[in-house]
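To start, the structure itself, in structure tokens.
In this document, chain identifiers A, B, C and D correspond to the written order of the chains, with residue numbering beginning at 1 in each.
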Amino acid sequence: MTDVMDQTSPQIEVRNLKTYFYTEDGVVRAVDGLSYRLAKGETLALVGESGCGKSVSALSVMRLIASPGKIVEGEILLDGLDLLQCSETEMREVRGNRISMIFQEPMTSLNPVFTIGNQIMEAIRVHQDVSRKEARDRTIAMIRRVKISAAETRVDEYPHQMSGGMRQRVMIAMALACNPEVLIADEPTTALDVTIQAQIMELLAELQSEFQMSILLITHNLGLVAEVSDQVAVMYASKVVEHTSTAELFASPLHPYTHGLLTSVPTLGMPREQKLNVIPGQVPNPLHFPTGCRFHPRCPVAEQRCKQEEPLLREVKPGHWAACHFIENGKSPIKGADR
Amino acid sequence: MHTYIIRRILISIPLLFGLLTINFFLIHAAPGDPTDIFYNPDMDPEARENIRRIYGLDQPLGVQYLKYIQGVVLKFEFGYSIAKKRPVKDEILEALPNTIQLSALALLLELSLGIGIGILAAVKQQSTFDNATRVTALTFYSMPSFYLGLVLLFLFAGGVSATHWFPASGMVDIVRHESMSTLGRLGDRAIHIFLPSLTLGIGAAAGISRYMRGELLEVIRQDYMRTARAKGLTERVVVFKHGLRNALMPIITIMGLSLPFLFSGAVIVEQVFGWPGMGRVAVDAAFQRDYSMFLAVNLIFGAMVVVGNLVADILYAMVDPRVRLS
Amino acid sequence: MNRIVRITSLGLFFTSLSCSPSSTPGDSPSDSAQRVIEVEARPDRGRSEEHNLEFEARWNELYNTPHDNGDTLVIGTIGDADSLNDLTSAAITGSNVIGLLFLSLTRTNPDFSHAPSLAESWQFSEDHLELTFHLRDDVFWHDGVKTTAHDVKFTFEKQISPNIGWATIKWKQFIKECVVVDDYTVKFIFERLYPYQLMDAVVGAVLPKHILEKVPDEEMVSTDFNRNPVGNGPYRFKEWKAQQYIEVEANENYFAGRPPLDRIIFKVVPDQENLALQLKSGEIDFMDGVPPRFFEELARQENLVAYIAPGRSYSYLGWNLLNPLFQSKKVRQALTMAINRQEIIDSLLFEFGEIPKGPVLPIIWAHHPNLPDFPYDPEKARQYLAEEGWKDSDGDGWLDKDGQRFSFTVKTNKGNQIREDILILVQDMFKEVGIAVRPNILEWTVFIGDMDKKDFEAAVAGWSVGLKMDMTTIWHSDSINDKFNFVSYSNPEFDRLNDAAIFEMDSEKAKQMWWRAQEMIAEDQPYTFLYSPKDINFVHRRFQNVQMETVGWNYNLEQWWVPKDKQKY
Amino acid sequence: MILGLFGLLVGLAGWHAGTLWDTLAHTLEKLFGANVPYTLRDLDFLVSTLFLLGMLAALVLYSGLSCQRIRQADRTAQGPERQWSIVKRQFLKNRLAVAGALIILALYLVAFLCPFLAPYDPVEQGDRVQERLLSPSAEHLLGTDRFARDVFSRIIYGSRISLLVGFLAMGLAVTLGTAVGAVAGYYGGWVDSVIMRFVDMMLSFPTLILIITVIALWRNQSIWIIITLIGLMSWMGVARLVRGQFMALKEREFFQAARALGAGTGRLIFQHLLPNSLTPIIVSATLRVGNTILLEASLSYLGLGVQPPTPSWGNIVYDTKGNLFTEWWMPLAAGMAIVITVVGYNLLGDGLRDALDPRLRE
């Protein structure tokens, strides 16, 4: 499964997705020409700094972009079906059924006034024609599956009676209740303690193999990426700048931004005296992206060309896509980048 | 829950007691006394003194106070109204249901109209409907009730002959009511209560609709709404099931707080429309220095406020699982 | 018709004294004089103990004309009644209802003489100290019990009980005793001889002994009878809803025959505007004391007939004579001349009123038609004031004396728009002559409290006048500490005249004395007599046999009827 | 502190105003003679407005200083400076709020410039026979009343009463409410319990009835007493609000830190808690002005407001409701004046809330 990009039918493919927000201050290009593919049963990690458009892209896939946001262009193919062409009714059939999503804030993502059982059941009953009783049984089973003990009693509890980790499990149960083909996990563990994080990720991995689903994992945690994902897409300023398998990315990051990102994270066994890399400058304002390569103001190897010409995402070596003018022969423009 | 209610009631006792005490000394401090209604050149001043004696008005204020409290606490007696020539209890039992009827309808109007419009405005945020209702609501919210009452009265109760659709005062058609069918009586009551309850309720409804809109807009932004949508629920279910229930919670509190507002409003509205309720009794009692009546009316107003708040708290606990009464 | 001298606006919140509005009666071109009827001013004739057969015949005739039964009269009234028991009732609405429910010994004729009612006849003893009444034997209480002399005696005893506080208690002060001769004969024994013996004996409604004898005097104020009266009059009590209405229905067993109207309902309406609205829309059929400002609008209504009755009250501006400012007679006369009273009547009463020159109105037999007057004359007012030392010495437009500016506060009670308006007008008028006036409008209880304590400089108030000629309470120096002579008028000569006139049995002599007394008051001007308003009544035109008289709009209320084809209810 | 001081002054003014203004007015009259366009009557308003502006200036100064302190304390990217500019932008963006502000501004201008704007003296009676109850015309925009006074001028002058009552009564209510709420919120425990029970009790009074009774006690309905009374009857909401704020702020880190550093009570309240509670107080105060104006109008309508002939909108409606059949425009216009003013304040309050409350800002 190393070379996903060669597979002919990805579970979900996003092509040139553009989601803009028409604010009073101007057009915010939150997602601006995003493309990636996710194969069946695999995990694709979408990484990048906060504000680079990761979450918006995930919501775009669910078509949950609210005004003043709008998906202006692109294709989202779910097993060949273009979601952007679907009617709202058809889309509702997809949400929670074929594609589910879990959010980064388990504390606020559950409705405080309904029991968790009620909220999970709701997902089942809206997509499947089952009796109340059966839905409840399935809900209890689902709760049990996300490893919450005493499911029979927990099912009638309210969100505020549970811890954060527990709630995230409930969110997962809710998302998986209809056995979806794709699960979008938007920073599922950021709000949780490290030990809980591990448990949740473990649970996700377990359930993934059990349900045979694809996971789009949105995160800025590179450690997590290394651990669980098969493929990685790196986003910068509303676009993907590099896309390849996880192993390849960590072994030879080609884009200067990816390189910067990787070296800014401490790794175990790193010599104590080695300084952490810092990417200079700030994330660009999505109202006014820099011309040319959007990374050029912060790029150590930028030249005049980068200011004028926008690099395209191209396959710089087999199974490895990147958007930089200076990658030649699969070599990074930054010295010593290949490890 | 029961212990909570009992505790709340117990707490409110000193509150009502304080209310009674302040009112007692306040009304006694005001110039005049209930026997002023005997102000008449043909009346023997001596007879007036006798009346004062019979009603204990000649005693020191402290003694009067203790006696009054004793009567209220031990025998639940509120004394006699010198101005109305009957026991205070009788007068109140006659007026209270009328005020409750008026306030209840106004409350109903306030909630149904207020919440309904608030929801529509929030759902269609920035639409023409939204803007129109916001401006209308603000106008009614900012309108003194006596003024609204006067305008309605003049427009729809005979001032303009072509639109004489409603009676100008009273609760029923006093001549024909007796001979009406059950349905007819109901209709008769309805057309009589319409203008007063509208006057009383519409300002409050405007206030609620403003709150409701704001709350719902706030709730719509919440994460759990996104979760609900992500489940594939229709927008209607999302807004009305997940959104409304959350948005309604603060409204319940406001409803509890709006009770005193409604009662105070009733004072004016009853005056304008001649509604035979507590407001008129209260104003008469204050002006006539009808001590016993004044104290009892104020006590009841206070008690209704306490009950209103209690009911709001209980309702709140019922809809919001996060709040547990203890 | 038993309520006499009574301060207006008694304890009622929104009462305003009857005063009258705009265009001259009968001048609207579209309809005949029928639509506006001027009630004939019929002054009383003083002591009238004899039956006036002319009026009695007319009464009986009216009662016996062919008429239809049925229909309902809705009377609008501002302010609820307080009690339907004559012993405890203080509000005017209550008196009107009581008049329908209960009989008195006699009835009042249009000329204020007495006509038989419960008593068929009466006569004085030789020494004129005993008055014997012969009662009808066919009068029943509404619960079926017969009305007898025992009821009359019982009523008298309750009326004079110091623990009940009957509003007209003073009228009985010279009656020593009431004796039952037999079941239908009762005798009043007087302590002394005076002109109003008959009037004093009959004043008040006779009450049922068999019901009220169980009620201790102390509990009369709160007894259930106050709200559930059992009477013996032409109408019987049906229902009273507080602040809503009082309903009475025809008494089938009335001794003179069933009254024509099925029901009479007194409907409580919140204020004058609402009253006018309901009169216009037909929600109520009758209203007395219509504010003059609504006259024009209501006179335009096809369905209404207006009755303009002569005034039975007057309003005045009283000067606190204990205040150094007002101690000079000349100053008071000047103040009167500074006020354009005709303008007050023209603008506030829309011409429905007259200037009274003294405290005795034309409807009273003792009225003095040619009292000295101080008509509007600001020049002369200024001159009078200058003579008293009030000049504008510093040229600031205000009069002053010894460095003191001529300024004072005028108080009145709120709830009576015309009085409040007068304050505004008077302020402007006094400004013309250089006197600064501050209006102060007070709540009723506060106002009378201030009058009581003499805590005022000047005050606008009103008296409704009774039929009994007695000026003691308001003008006698003995009454200075007794509330009603609150301006503290004191004139020994007047006191002497008043005391003598009260007991003068010779009407002609008494009249001379009362005239002299009125001259003194007019000369002294302790009040500036402002206006005496006419009473404007509107009644729905379907009612027949409506006969309003100076004695009151309800003179023959029990005889009103509606032809079958015009009946509304 | 400053607020409290001003509140006290307002209260005192209630008692002494009559004589104070009289003397002042007399002196001014002596000094300038009859040539001053501002007459005696105007002084009440002028003096109180100056007073009020002083109060506002003090408030702005105080909040400015507080902000500076906060900025020094924590240098975040969202410094107060930036915040204020956001507030300004948010506010200006809200067209309705700007409209509200303009209405209020216009009303204040009208109230200030009464002598120049009003074509006639509001209490001067014309020819009562020839000129009364005139219909609207070029000379009398809203006709004349039964005393032949120009109704338009009366409504213009009436603005003073409403604005004065609105602002001062609200000021008193906010001062009192803040003080009481602060004590309850800061000390908590039994102090809080006692105070909040008292607040509950005050809330259980039917306001109007109580005011009727108390006005009778004073026997003199000077505008100052009405202001004081309305203020005394409407502070409870603010007290609850401030208490809530204080309770919440006490849990916050910056407060815990300040307390740990040994800051005194006064310092804690005035430098930490109060400045951070200002936003909701200001918003609620603005929204409260409307209610205050409505209450005054209701009192006037019951005949318990300002004594005639001084015009206030409430008593113009009361005074002219008898003209509804014929000269209906008089009560209508006065009533609309009330509505517009209250709408103005509410719009302003809404706008301020939207601009100041970050909860509602994305």
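The criterion applied here is as follows: a residue touches a chain if its C-beta (ideal position, glycine included) is under 8 Å from a C-beta of that chain, and two chains touch if they have at least 3 such contacts.
On a predicted model such as this, the values are computed, not experimentally measured, just so you know.
The chains in contact with chain B as well as with chain C are D. Put simply, the chain nearest the middle, going by average C-alpha positions, is B. More inter-chain C-beta contacts link the pair B-D than the other of C-D and B-D. Mean C-alpha position of chain A lies 92 Å from that of chain C. Between the CA-based centres of chain C and chain D the separation comes to 47 Å, rounded to the whole angstrom. Per-chain CA centroids place chain B at a distance of 26 Å from chain D.
As a whole-number value, the distance joining the C-alpha centres of chain A and chain D reads 54 Å.
In chain D, the positions touching at least two other chains are 216, 219, 321, 324-325. Across the assembly, chain C contributes residues 273, 443, 445-446, 450 that each touch 2 or more other chains.
Residues of chain B in contact with at least two other chains: 30-32, 150, 154, 159, 271, 283, 287. Pairs of chains meeting the touch criterion: A-B, B-C, B-D, C-D. Residue ranges on chain B touching chain D, taken from their complex, read 11-12, 14-16, 18-19, 22-23, 26-27, 29-32, 134, 138-139, 141-147, 150-151, 154, 159, 214, 218, 221, 257, 260, 263-264, 267-268, 271, 282-283, 286-287, 294, 297-298, 301-302, 305-306, 309.
Partner chain B is touched in their complex by these residues of chain C: 4-7, 10-11, 13, 72, 74, 82-83, 85, 88-90, 162-171, 218, 221-222, 224, 226-227, 241-245, 247, 263, 265, 267-271, 273-274, 277-278, 280-281, 283, 443-446, 448-450, 466, 473-474, 482-484, 569. For chain B in complex with chain C, the touching residues are 30-33, 36-48, 50-51, 54, 80-87, 90-91, 94-95, 150, 153-154, 157-159, 161, 164, 167-171, 174-176, 270-274, 276-277, 280-281, 283-284, 287-289. Chain contact summary for the complex, chain B toward chain A: residues 222-224, 226-234, 237, 242, 245-246, 249, 319-322.
Of all the residues in chain D, the ones that touch chain C in their complex are 125, 128-129, 132, 146-147, 215-216, 219-221, 303, 307-309, 321-326.
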